[in-house]
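Dropping a structure here in structure tokens format, bear with me for questions.
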Amino acid sequence: MQTTVTYRKTAETFTAGAKTLPQCYFVSSDIFAEEQTAIFSAKWVCVGHQSQLATAGDYFVREVAGESLIILRDQKGTIRGFYNVCRHRGTRLCENATGHSSAIQCPYHAWTYALDGKLIGAPGMDQVPGFEKTDYSLGGANLALWEGFIFVNLGDEPDPLEEVLAPLNGKFTHWNLPRLRSAKRIEYDVRANWKLIFENYSECYHCPGVHPMLSKVSPFDSAENDLCEGPFLGGFMSIRKGASLTMSGNACALPVGDMTGEDHARVFYYSIFPNMLLSLHPDYVMVHQVWPQSPERTLILCDWFFHPEAFAHADFHPEDAIEFWDMTNKQDWHVCELSQQGIASRAYQPGPYSPRESIPAAWDREYLRHMSLFPERVP
Amino acid sequence: MQTTVTYRKTAETFTAGAKTLPQCYFVSSDIFAEEQTAIFSAKWVCVGHQSQLATAGDYFVREVAGESLIILRDQKGTIRGFYNVCRHRGTRLCENATGHSSAIQCPYHAWTYALDGKLIGAPGMDQVPGFEKTDYSLGGANLALWEGFIFVNLGDEPDPLEEVLAPLNGKFTHWNLPRLRSAKRIEYDVRANWKLIFENYSECYHCPGVHPMLSKVSPFDSAENDLCEGPFLGGFMSIRKGASLTMSGNACALPVGDMTGEDHARVFYYSIFPNMLLSLHPDYVMVHQVWPQSPERTLILCDWFFHPEAFAHADFHPEDAIEFWDMTNKQDWHVCELSQQGIASRAYQPGPYSPRESIPAAWDREYLRHMSLFPERVP
Amino acid sequence: MQTTVTYRKTAETFTAGAKTLPQCYFVSSDIFAEEQTAIFSAKWVCVGHQSQLATAGDYFVREVAGESLIILRDQKGTIRGFYNVCRHRGTRLCENATGHSSAIQCPYHAWTYALDGKLIGAPGMDQVPGFEKTDYSLGGANLALWEGFIFVNLGDEPDPLEEVLAPLNGKFTHWNLPRLRSAKRIEYDVRANWKLIFENYSECYHCPGVHPMLSKVSPFDSAENDLCEGPFLGGFMSIRKGASLTMSGNACALPVGDMTGEDHARVFYYSIFPNMLLSLHPDYVMVHQVWPQSPERTLILCDWFFHPEAFAHADFHPEDAIEFWDMTNKQDWHVCELSQQGIASRAYQPGPYSPRESIPAAWDREYLRHMSLFPERVP
């Protein structure tokens, strides 16, 4: 039974007595396998942004729950997802991470598929009695868009993405997300469990010691959370007057959207269960995709998005933001890696979350709702 | 019970409806373990050629089913195989891949064995009551020769090699195999299941796309198979008039044997279950040894053999053939690796073999005859 | 039930019929796990020497049975051991192998512990009802000193170290061990089971072939053992008149202690179960710590200790001893690695120890006393 989720409850209600997760959740390969099945193969996960596929025939390859997927824009302009597996002898079809092609041809025996997944060429197979090309289309993955971001779902009959994300309707409209373009992607290979990434993202209790530069421009105790329970969690922090989250301290690009009043002095941080972190600044939007690789290892893709018209402006300095967060990201990954190391010890016991760690505690609860419980181990 | 094997059946009979093997055969460590036990520890496997051991005391080391074996020529000229393990404290005896020695001495405590495996020196052990050197000979492996090639068998009482290979009696006589010498060995570390190597070798349906240079000199649709079912499979393909399977397109050495008529314009490809590929060209013989390392990894040793008198001739250009096949081998290994990747997907299903893939289908059937079946998984 | 251990029995009594351990003891991950539990998590193990922690606040980090421990000297001068795990969210506290600090502060959220392990700072936690700092001290490890060496014990209520080592009382007094200082530590990553290290250390039957230089200065057959059964094993070997165990053959430092008569011409070798090798020379003391990493891999820390006043002398040449034993160590690790390889073979069977291998046989017996037996496998 799913616990009823109520939003906008105060953090205090849920925090009382909350402790970190038991060790098994960070080191067990059984639990990792259940996560891959119950979460990453069953929930909508973010795999990119529509701006990555500008024209028909553009594609990129992304691994989801161990499965290589081809994400492409077909001839009609529709974005689609397919398993990267030939129906003949199972060969991996696309080797490159990104590319452009008018059709998908297997490099082994040249079986060829249209961009809608239909088999259109299979040399010599017309001599095989009963063979029908229509029986050998590429396997498809559920795919949908939200605010320009591409989500896939490997489940059989998932709830529609728009229903799942309905609680966020209209919340990000003025950030202009569908039109933004990424100036940079950095991949991070982090030696820590993926949940530590979310727990780290969801509090600034660690900021004074871990992020001295961030703490100067954005007071660590300025967090005000408006999503405090459930799959979407977060709120905003203040930016000091005249400052910006860049190395120079100045804005580095046109505003991303129609910012109003106080939004010019705020940065919004939201986690979107299970694999997306959305960090909205006045002049750029940073998005992390979080991809568990093993209990002790996580791949993180980080994009910096800007207004499409910003790229042509003389005062466009994306590196000013990228460098700032690349530094800050690495500070975070480092403490996550230290936590992974310590949690693996027999001396580890779930420890008490502080009042400033109500969102990590809420994230843990949401996570546990998707997992079979291990009551004898969970305190 | 072994299915009765009949040779020279037409490919069509067996191909109808044949599909590739289920996923488990390419990724399961249980199946890999069964293969190592039921096939590589129980069947005769090719480990080299007698020309590698020219004189008494020459040895080489080869790993079979995880076991390091010393293959040597003893004082009487007999080729023998021994486990590379000292009977005192188990130490690995020979560290080098090849060498020459009048006896085998353990590098740890200097226990010494004659080339026939008998313990002839064990310092101080004469003081141990009841110790008899004759109780501590090296462990031996069954070994036999066929056409100059060395085969070993780790089983207890295997069928004699000459019986096993009887169906091939006389078939290769005019290729002069026992007298040939290798000019070059290349080792390949391939990230694919070993069965994909055999399935790849056994058809030229992939040649137009994968091997453009090979396809120019040897038409991909010229295959005529004479061994179509059982442990020995293959046939010949045509070589275009005046051409040769070399980079230059010219013959690179003396004919290997007493070629007659059409054999000058043919290349013969045979797989000899479970680990040998025999490719007979007019001017050279290429032999692959296929050594599974894990479900996803295979070591391949490839030798290029020439007529022993060819080496002294001015027009001897072995690199012309070696370079040609090294290029072609790598093209094959690459698509095998892509297949391994795709087959590991949950989207993989056994796909339909084409009419040009009757020999891979026959190889799969032969393979399954040696394995316990998994009926609920095999379609 | 523990077998009664009697010291100073003659080697012959115990050697008759002794054979090396069965294969499983060298390759099984189950047995490795039992060793980590029953031996390395339950017995006193040597982790260093008090000279490594000269002043209050000095610390070093050592891994014991997979657990990272902080070994430090507290404000009162007492040496203590703590698990390297924050009580808040489990973060690894000390990252560096060695250091100096007046307190232990977590790099994540700045929880701070005094050098006695007590939590003295936890920002914001005073707002949490019921939170008491005294409930969140660092986890401690049992720690005790013997002859200046630091031992830890991860068990719950271990026998006192002084009782365990009582049989050695007074034996090493004139070597001045508590005052010595290490001039050099070398770490070796050896691809062999840890027991092979002890079996190798405990006999010189291998010296003629493996250590030609050592054999010149210390005759391989000069061993006289005085501890022949139990957890402490060994004796002495002769050094040729006027020679020393150095590259130059000369003494390289002041005598380590108050050497008397024959001790000037002897080197003493003792193994102290389960992880310490103590090699006492007239001019230096070499100590190996043996740390199993997996069934097939062992980390070895080797220190060369000298008289504290030797360091200031003009004729102090520690590299003369270090180079000699580094060479000799590597010769030993190499044959241990060869044994590991051979023992993994199906052809391995326990082999007969020679009369010169009575101490390895005794070490094996001691080892087995701490393990659950596997009677169907042990011959």
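Note that the chains take the letters A, B and C in the order they are written out, and that residue 1 is the start of every chain.
Heads up, the rule we're going with is that a contact is a pair of C-beta atoms (placed from the backbone, for glycine too) under 8 Å apart; a residue touches a chain by one contact, two chains touch by 3 or more.
None of these values were measured; they are calculated from a predicted model.
**Student:** Same or different: do the copies chain A and chain C touch each other through matching residue numbers, with over half of them shared?
**Tutor:** Different: when the shared numbers are divided by all numbers used, the fraction is under half.
**Student:** Quote the value, from 0 to 180 degrees and to the nearest 5, of the angle by which the CA atoms of chain A must be rotated to coincide with those of chain B.
**Tutor:** Rotation angle between the two copies comes out at 120 degrees.
**Student:** Please work out the Cα centroid separation of chain A and chain C, and write it as a whole number of Å.
**Tutor:** Computed from C-alpha means, the inter-chain centre distance equals 48 Å.
**Student:** Do you know which chain C residues sit against two or more other chains?
**Tutor:** Residue numbers touching two or more other chains: none in chain C.
**Student:** In their complex, what parts of chain C are in touch with chain B?
**Tutor:** 16, 20, 23, 199, 205-206, 208-210, 335, 338-339, 341-343, 345-349, 351-352, 354-356
**Student:** Considering only the defined contacts, which chain C positions touch chain A in the complex?
**Tutor:** 67-68, 83-93, 95, 107-110, 122-125, 127-129, 131, 136, 139
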